[in-house]
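In the two complexes below, subunit A is the common chain; its partner is subunit B in one and subunit C in the other.
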Partner chain A sequence: MSILKITGLQKSFGAITAIDGLDLTVEEGEFFALLGPSASGKTTSLRCIAGIEKPDAGQIEFEGSDVVPTPIQGRGMAMVFQAFALYPHLTTEQNLAYPLRERGIEQTEVVRRVAEIAEQLRLGHTLARKPDTLSGGEQQRVAIGRALIGRPKLLLLDEPLTNLDAKLRHDTRAEFKRLHRELGMTILYATPDELEALSMGQRIAILEQGRIRQVGTPDQLYDAPESDLVARRVGSPVINLIRGTAKANATINLPFADISGGNWARTIAGFDVNTEVLLGLRPSQLKLVEGTPGGPNFKATVELLEPLGDVTILDINAAGVEMQMVLPEAKAVGFKVGDSLEIEFDPTTSLLFAADTGTAIS
Partner chain B sequence: MRFFRKKQGIGKAGAGWSLFAGVVSLIYFFPVLWIILTAFKTRTDTLSIPPKFIFTPTFDNFIAVFYRSAASSQDAASTGFELYFFNSIFIAGTSVILALIIGTLASYGFSRHPLRGNDTYLFVILTTRMLPPIIAIIPIFLMFRLSGLSGTYIGIILLYTAFNLPFSIWMIKSFFDEISTDVEDAARMDGSRDRGVFFKICLPQVKAGLAATAVFALILTWNEFLFALLLTGTDTRTVPVQMARTLGGEIGVDWGLLAAIVTIFLIPVFAVTYMLQNHLLRGVTFGTVKK
Partner chain C sequence: MTTLNSNATEQQSPTFGFWVWLMAPERRGALLITPAIVLLFAMNILPLMWSFGLSFFRYRANRLNPPEFLGWDNMFRNYEKVTSSSAIWDSFQTTAIIVAGSVTLQVIIGFLLALMFAREFPFRKILLSMVLTPMMLSFVAVGVFFKFFYEPSFGLLSQAIRVFTGEPYILLGTKWGSIWGIIIADAWMWSPFVMLLVLAGLVSVPKYLYEAADIDRASWFRRFRTITFPYIKSLLLLAVLFRTIETFKLFDLVYIITEGGPGSATETLSVYVYRQGFQYFRTSDASALGYILLFVVIVLTNLYLYVVNRRSEEL
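And now, the complex of A and B:
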């Protein structure tokens, strides 16, 4: 059952359109990620859902009824802000208790639930301290605790990891997954970070310029992006998009090779000869030729090596086309800048997009 | 003043710099010290050259502040100083509190619910403080006489409140501007209504700002002379006006008496500033919001 259904949401700030017709459905109990660069409308979307901003147009259905007219205090949601937004003059204990006290919950119950949440989030030692004496991670957990303590039906997280250091980000990702599993709460998570979205989101919406470009599971987005934009957004290192020209017999003419046989072959057969296309090859799809090449192959020179421990990212150049490939450390060892490589790939797993619109062709 | 604080005592600056700061602050404090010393001097000591720093203190000046000297001590009549002292405290205190209350509400409005032309209004408010008071004194004097406010508590309190407001609004607004609106949004999501957001979330965060504003407004009002001279009556006279009246007389200026009045007059401002000092020094902490 869907808990949140947004249709045709619009929001502008003066001349700037923040959200431009956003449609979104979140299922109950789901960990849903909104992935988009800064200024793509993530925060504004969350603020509209929470009731902080009033949308210019559109519906926000929460648990079956439109909440746009409902005041912010009564929506049954909670939010964790990017900058935490803790109450600086209150102690951890008072910060955690605030939502309960404001709702007139009985003191003994407040004490019980503060103790419970402090235990759950390992905040016991900070209860008497004020936010400015806490570490970033502790502040973060207080913010999460304050959001969870009211037992919201929907938890909105606005780039909650942006202000944390790398190690803490990793730990907190795991923490969010654990909390989601334990509490079974619906979570809407806005992030500019692909890794966060892919590792936590059960479904992900790709947001760009105030509109949703695609919604799907991480696998769907990775394997079958509907546009070159989504393909670029999901997957690291970023997909190689190589400009080519459609030729007769469902062949694509790339600067360094002619290929045919992808699952796009049937569609492209109907295209005009010389239509411009973009071939998408994930860096991990490029392999070194060992023995007889099994698929299309080409020569390239190494321009840069980025060893990352177990894998190495290679920037390569094939007939003027810059690409990246990923090799296991064992295979990359010994290569240096300027070396010539023979590379092959399997066209059946490649992706194809129209060069003008960016739409996927399959 | 707390001269020796543990935290400050172990300053990182070298002893030379500490000594330098000590000398400078002594120069600053010297006039105050001079007046306090004079208050305990006899008339001869007061006028002796070179000035005496070691002398036998006398409390005669302080007694003279309250009692007119007479042939015998039984005839000693009150100078009315208690009333003037009370007037100063009552008038300055009330107008500062009023300016703080109105200023806080107004500046919160300017900060959080900006009007079309917000900055223009703020500018206009401040222009009243740009006029030299002497320009405004005659029309105000006439208006006060016409409206019967002359010589009343209400009149002078209203005037001082109006004087303190522009400054209070500007100052407190800058403190409200510093608070993250996210924190207010968070409070609303946590169930607070507007009033709760203001009193429980915003106001506690600008406490330091309110303290600073209060001290500055109090010092300005406390020492105000011109309007007090022309707009207060015998019942509502403030201490600065009374000081002026002790000048002159057949035997010349009684410096010892004047110094005693000033010394007593300094006590309330010293006390308030000392009480609020922690807030003033600490400033506002914005530890939770990274900007």
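And now, the complex of A and C:
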């Protein structure tokens, strides 16, 4: 059952269009990630859902009824802000209890719930302290605790990890997954970080310029992106998109090789000769030729090496086309800038997009 | 290169030893502030110490007799004399009433104005600069303005009341009327000051706190108590203290609007000291009284500085 259904959402601030016709459905109990760069409309979407901003047009159906006219207080959602927004003059305990006041909940119950949340989020030692004496991670957990304590039906998280350092981000990702599993709550999570979205989101919506470009599971987005934009957004290092032209016999002419035999072969056969296309090759799909090449292959020179421990990222140049490839550390040992490599790849897993519209061809 | 340079310096530098010593770079700072220090000493510190000395002497500035020391066993006689007169306690009381009334009014009006100007509305900037004008005017201008405003025959207040009663209204004719007249003039002039401080506190509250409070379903009063008030608390305290110190010393407005009258009904401490010193020429008594006043102000100022320091620690 869908708990949240958004249709045709529009929101502008003056001349700037933040959300431009957004449609989205979130299922009950789902961990749903909104992935998009800054200014893509993630935060504005969450703020419209929470009721902080009033949308210019569109419907936000929550549990079956349109909540656009409902004031913030009546929506039964909770939100964690990027800046945490803890009340600076209140202690952890008072911050946690804040949403429970004025709801007619008995004091003993408030105390019990605060203790429960503090225990769950390992905040027991901070209860009497004010936010400015807490570490970034502790402040973060207080913010989450404050959102969870009212037992919201929908939890909105607005880039909650952006203000944490790298190590803490990793731990908190695991924490979010654990909380989601334990509480079974619906979570809508906005992030500019692909890793966060892919590792936590059961489904992900790719947002770009106030519009949703594709919704799907991490695998769907990675294996079958509907546009070059989505392909670029998902996967690290970024996918190589190589400009080429369609030729007769379902062959694609790239600057350094001719390719045929992809999943796209049948479609491309119907194209006009010389149609411009973009071939997508993930950096991990490029392999070094060992023995006889089993597929299309080409020569390239190494331009830059980035050793990352167990893998090495190589910037290579093949006939003027810049690409990136990932090699296991053991295979990249001894390579240096200027070396010439022989590279092959399997055309059946390659992706193809129309050069003008960016739409996937399959 | 080095030898060449030192040669050149020797040739160019003047031969006057004192001038060279005076113009040396390490003395430049001291040299630059010397005129200001000399002026300050002559105009401020010397008269201050002189009057402090006079408070232990018998002296009237309109007589030719030189100051006469009261004697070591008797040196606080002037202080005893001025504190035992009933007039000064009346004057203390008048000052306290004016301070309490005016500061309360300033805080209330200033606070409401700040709440109003904290949000955006059309013509906000123009209105804000208009509201700030009284603060920028001189005491004399404000004093004269209110004197005419309260004037019984052609003053605006009197004319407005005459519409209803048919008789001219003499606000400054009674003790309480005069006190109110001064309180209103002072509050009119200084409410914008309180507003500025409170406004500074209000705009320093991050907006997301209010958004969070909305999501947490906090009522208006709760939001004010837990979010807004903590941000303006210390600034408000500063405003109250600052205005208390200033109003405690109030002279110009009172002297222009009522001259301390009717009788001595609005004689604040400053006006009282002025009268003692420059109308009755009890110079040494007035000096002693001036130092008692100074002591009170120093106590208040220290309280003020304590609050300022505590706020800077908080931020």
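Brief remarks on what is shown
Note that the second predicted complex is superposed on the first by the 361 of 362 C-alpha atoms of A that agree within 3 Å, B and C clash if a C-alpha of one lies under 4 Å from a C-alpha of the other, contacts with A are read in each partner's own complex, and residues count from 1 in each chain.
In the analysis below, a residue touches a chain if its C-beta (ideal position, glycine included) is under 8 Å from a C-beta of that chain, and two chains touch if they have at least 3 such contacts.
Because the structure is predicted, anything quoted here is derived from the model rather than measured.
With subunit A as the common reference for superposition, the partners subunit B and subunit C occupy clashing space. Contacts of A:Ile52 after superposition: both subunit B and subunit C are touched.
By the document's definition of touching, both partners, subunit B and subunit C, reach A:Phe81.
The larger set of touched subunit A residues comes from B, when the choice is between subunit B and subunit C. In the superposed model, A:Lys130 lies in contact with subunit B only, and not with subunit C. In the superposed model, A:Glu102 lies in contact with both subunit B and subunit C. Contacts of A:His89 after superposition on the shared chain: both subunit B and subunit C are touched. In the superposition on chain A, A:Arg113 makes contact with neither subunit B nor subunit C. With both structures placed on the common chain, the touch criterion links A:Asn163 to subunit B but leaves subunit C unconnected. Residues 47, 50-52, 72-73, 77-79, 81, 83, 85, 87-89, 98-99, 102-103, 146, 150 of subunit A contact both subunit B in one complex and subunit C in the other. Across the interface of their complex, subunit B is touched by residues 47, 50-52, 72-73, 75, 77-79, 81-89, 98-99, 102-103, 130-133, 139, 146, 150, 163 of subunit A. Every residue of subunit B that touches subunit A in the complex is listed here, in rising order: 180, 182-183, 185-193, 196, 201, 204-205, 207, 285-291.
Interface residues of subunit A, counted against subunit C in their complex, comprise 47, 50-52, 72-73, 77-79, 81, 83, 85, 87-90, 94, 98-99, 101-103, 146, 150. Interface of subunit C with subunit A (complex): residues 206, 208-209, 211-219, 222, 226-227, 230-231.
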